[in-house]
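Heads up, the next two complexes both have chain A, just with different partners, chain B and then chain C.
Presenting the complex of A and B:
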């Protein structure tokens, strides 16, 4: 559970809390937040760019294929319905041609025969309303059908003029005399004497409209006929305007089926398939138009696109989350490693400083000791002489001055000795040491003081702590220094606890804890530096703990301190259980 | 008690010798190891040699070996201006023979007496008042 908590914690960015300012110069990178931000940006960009690009390309492709597909479908539909319309007209033209050629003018002008022909044609093809024979002057000479229009003059009718020119004709859809929409189809035939006549039939448009309607697919499709001027020939659902005019632009002429994308009057995109209809026998003025609203066909795609968009959003969110967590984790790890490095460097630098100060101190002490010795002996000799000579012996002031010199020299000597102790170099004599015995020996030194000051000393060194191989003198000095320190820091009636235990299999940990005055935080990282003291001038040299530090290091051990002002201080000395014999510290 | 005092610091040797003489010791002063060996080779007899550990040429520790060879009965006391010269490995008994500079004359006198098992022997002055320093 705790492990899970720690893992989760490492996913949350904590590198911005660069609280230890003294570590700052030792960090490899200064701005972890920037690294984190840049990292997230690039990872996100790398992950999301292809995704977005792919989506856009997909949109493009689908749009293109929809256009292609709908053009193709419109064209195919136009082509099919064109064939149907053309066939419808050609079939009837062919029937008329057959009738004219088979029957001839004489038989067709016989009213009863014409009636019979009409009946047969109605049976065979259907959709015929009436049948009439018109001579070359345009006068109707025979008629079969519901209206008797005999003698009517058609010479000015456009279809009659057209028929003379092309031997056959198909009219536009018009209402004519009867006000019923119809198509006139007519074929011309020559008489033996060289005159011509025309057989004309009126076709109901109902059949044609039905045929066209049968090709409609879906509610967005519109199929209708216009003439070449854009006048509607069959009804349109969407594109029929005032005066029967087409509301969308009429495409330019083409002799085969075409399709194109255009806009309707509302500006909506439409797909338009069209064909200019010509029969094999006669041209017509019909234009077949297939119009589809693009929006209708897009619906499926739009649904799909919304799904793709959702997928994109969800993927982006997941990617963002993963990138955020991964980046935080990595940068956290990096920051932790860097902080560890910075701490090590600070510690190394401090060690280095201590070592070089130690060397300097030793050098100074060496040089000063000899002159000090000389001053000491000279002053001592003068004092000897004064003591011998009676006239001086009784002068207490003289003796006092000399004593003062000797005393001062002694004080200097103490300092130089401690300085030397700080950087002392000598062979380490390794021998097995019983820690408990050594601690009790050291405490014996302080027994009287402890009794006098009512300081309770607890020693807890279990039998499981093995003998350790180390230097007796140095270890004794380390313990002595730390215990003396604790005594100095502790008030009367205080408490001192000395504990030892195994730290792993290779080290023994000695803990010396007092409940004395403690060390303030600002002083805590300086206490191992030489000459650092908080005692009054002349009371302490500030070398005790730095010597202790040096000694612990010489024994290949480690010393740490924890302290709270007013609560007490704990020193922890860790020493290896085994030390190679004959090593030189 | 005859003392051989060896130290390269001449003034120091002079002063220390005079103080010891005042206390009844017979002191011979030399300033190098070579001189010390020479004096002993010439047949002079000393109860104890007081040697500075660090000297140019033959140092105190080496000089002790040489002198011991010449006179097996001779005892030794070391003076050291270098705290590091005292070897913790030599044990408590030996360590007591190392006296740090600047030294207290009474400490030296005590050590000399202990080492040789003799008192100064010569006619010294009454320096009882100095005992307190």
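Presenting the complex of A and C:
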């Protein structure tokens, strides 16, 4: 659980919180936020650019293919409807042609025969309203159907004029005398004497409109007929304006079915398929138009595009998240490793300082010891002279001075011996040690003092603390030094606690805590340095703790200190449970 | 062959002389040598009850002198008096037959005590 927490924590950037400035010179990189930022930028760029590029290319391709596809579809639809319209008209023209040629003028002008023909044509094709025969002067000579318009003159009607020119004709859709939209189709037939007559049929437009409607696909498709001047022939849902005029521009003439992209009056893009309709028998003025709103055809694409957009957004978010987390994790790890390195460097620097101070101390000790010995012997000799020769024996002041010299030398001698002890490499003798026994031995040294000064000593070393393999003498000295230190720091009536516990499986931790005067923060990081002392001159050598430090290091252990001025001091010594025999510390 | 109480071997001449003076004042007969070679020479010709021997000598290491003295005159008792003796030195010297191992600066009372103790 804790591991998971730690892992999660390492995903969050913590490298910008640089509080430990003394480590700064040892960092490999100074600005981890910059590394982090640049890393995220490049990773995001390389991951997202292709994705965005692909999306844009996809947009373009789909747009192109939609245009192509919609043009193709409009053209196909126009082509199919054109065929249907053409077929509708040609079928009827062919039937009339067949009828005039088969029946001839005489029989067609017989009203009962004409009625029969109309009936038969209605049966065969439907959608016919009436039939009439018109002679070459334009006068109706026979009529079959609901409205008897016999004798009517059609000579000025455009379809009649047209019919005279081509052998057949198809009129525009018009409402005529009856105000019902209809188409007139007529075929001309020659008589032997060189005259001609016309068989005319009125077609209901309903059938044609139905046929066109059957080709409509979807909401946005409009199919209708106009004439070549842009006048509507069949109704349009969207593009019929005032006076039956087409509201979109009429395309230019082509004998093929065509398709193009244009805009409607609102400026919306439309796809337009169109065909100028001609039958084999007669030309017409019809233009078939298929108009689709592009927006409608885009719907599928818009759905797809929204899916693509979502995919892009989700991918971008996921990529951003992964990039952020990965970068944070990596840079955190890098930062941690670098910080660890910097700490090690600082520690190494301190160790190095201590070691060189130790060497210096040893040198000083060597150099001072000989003159000290000489001073000692000289003073001793002078004293001898005074005391043994009896001549000056009675001058106590002289003896007192000489004793003072000898005493001072003795004190200096103690320092030099301690200095040597601090720096010298001793053989370490490894044996199993019972920590509790050793602590109680050391406490015994101080028992009298503790009773006298009313200092309470609590020892808590549980049975779970195993025997540790280490050097007896050194460990004894370490504990003795720390306990002596604590005694010196503690006022009468104070308290001293000695605890031990397991630290992991490989180490034992010994804690010595007093509630004495404490150490100020500025002194705290100097207390292991040789000659550092806060005691009055002549009261301490300043070597006790540095010797202790050296001893702990020789036993492959570690010593740390925590202290608050006025509250007390805690020393923690961590020692390995197992030590290889024969190592030379 | 002359008999002396003490031979002092120390490269620091003033120190050796001063120590000899102090011991002479206490009624002991002393000789002084400042290097290992001459020290061994005099042990070969004269007898010394005690030798006070420094470990650091200009021509050789005190341990060699100790070995030779014990070889020439096994009855002579050697006290090692040194300023820079390590625990290892102490063990080695005692194993080679040194009578005592004393650090400088010397407490002459202690030295006399060692000698008196032996006499008694």
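The rule is simple: the second predicted complex is superposed on the first by the 307 of 585 C-alpha atoms of A that agree within 3 Å, B and C clash if a C-alpha of one lies under 4 Å from a C-alpha of the other, contacts with A are read in each partner's own complex, and residues count from 1 in each chain.
The rule is short, and it goes like this: contacts are C-beta pairs under 8 Å (C-beta built on N, C-alpha and C of every residue); 3 or more make two chains touch, one makes a residue touch a chain.
Here the structure is a predicted model, which means the values were calculated and not measured.
The partner that reaches more residues of chain A, of the two candidates chain B and chain C, is B.
Of the two partner chains placed by superposition, only chain B is touched by A:471; chain C is not. By the document's definition of touching, of the two partners only chain B reaches A:403; chain C does not. Of the two partner chains, both chain B and chain C are touched by A:388.
Looking at the shared chain after the overlay, A:378 reaches both chain B and chain C.
Of the two partner chains placed around the shared chain by superposition, chain B and chain C are both touched by A:413.
Comparing which residues of chain A touch chain B with which touch chain C, the overlap comprises 366, 369-370, 372-378, 380-381, 384, 388, 409-410, 412-413, 416-417, 420, 424, 426-427. Against chain C, the residues of chain A that register as touching in their complex are 366, 369-370, 372-378, 380-381, 384-385, 388, 409-410, 412-413, 416-417, 420, 424, 426-427.
Partner chain A is touched in their complex by these residues of chain B: 9, 11-12, 15-16, 18-19, 22, 79, 81-84, 86-89, 100-105, 125-127, 129-130, 133.
Those residues of chain A that touch chain B in the shared complex are 362, 365-366, 369-370, 372-378, 380-381, 383-384, 387-388, 393, 399, 403, 406, 409-410, 412-413, 416-417, 420-421, 423-427, 429, 471, 473-474. Those residues of chain C that touch chain A in the complex are listed here as 12, 14-15, 18-19, 21-22, 25-26, 83-84, 86-88, 103-108.
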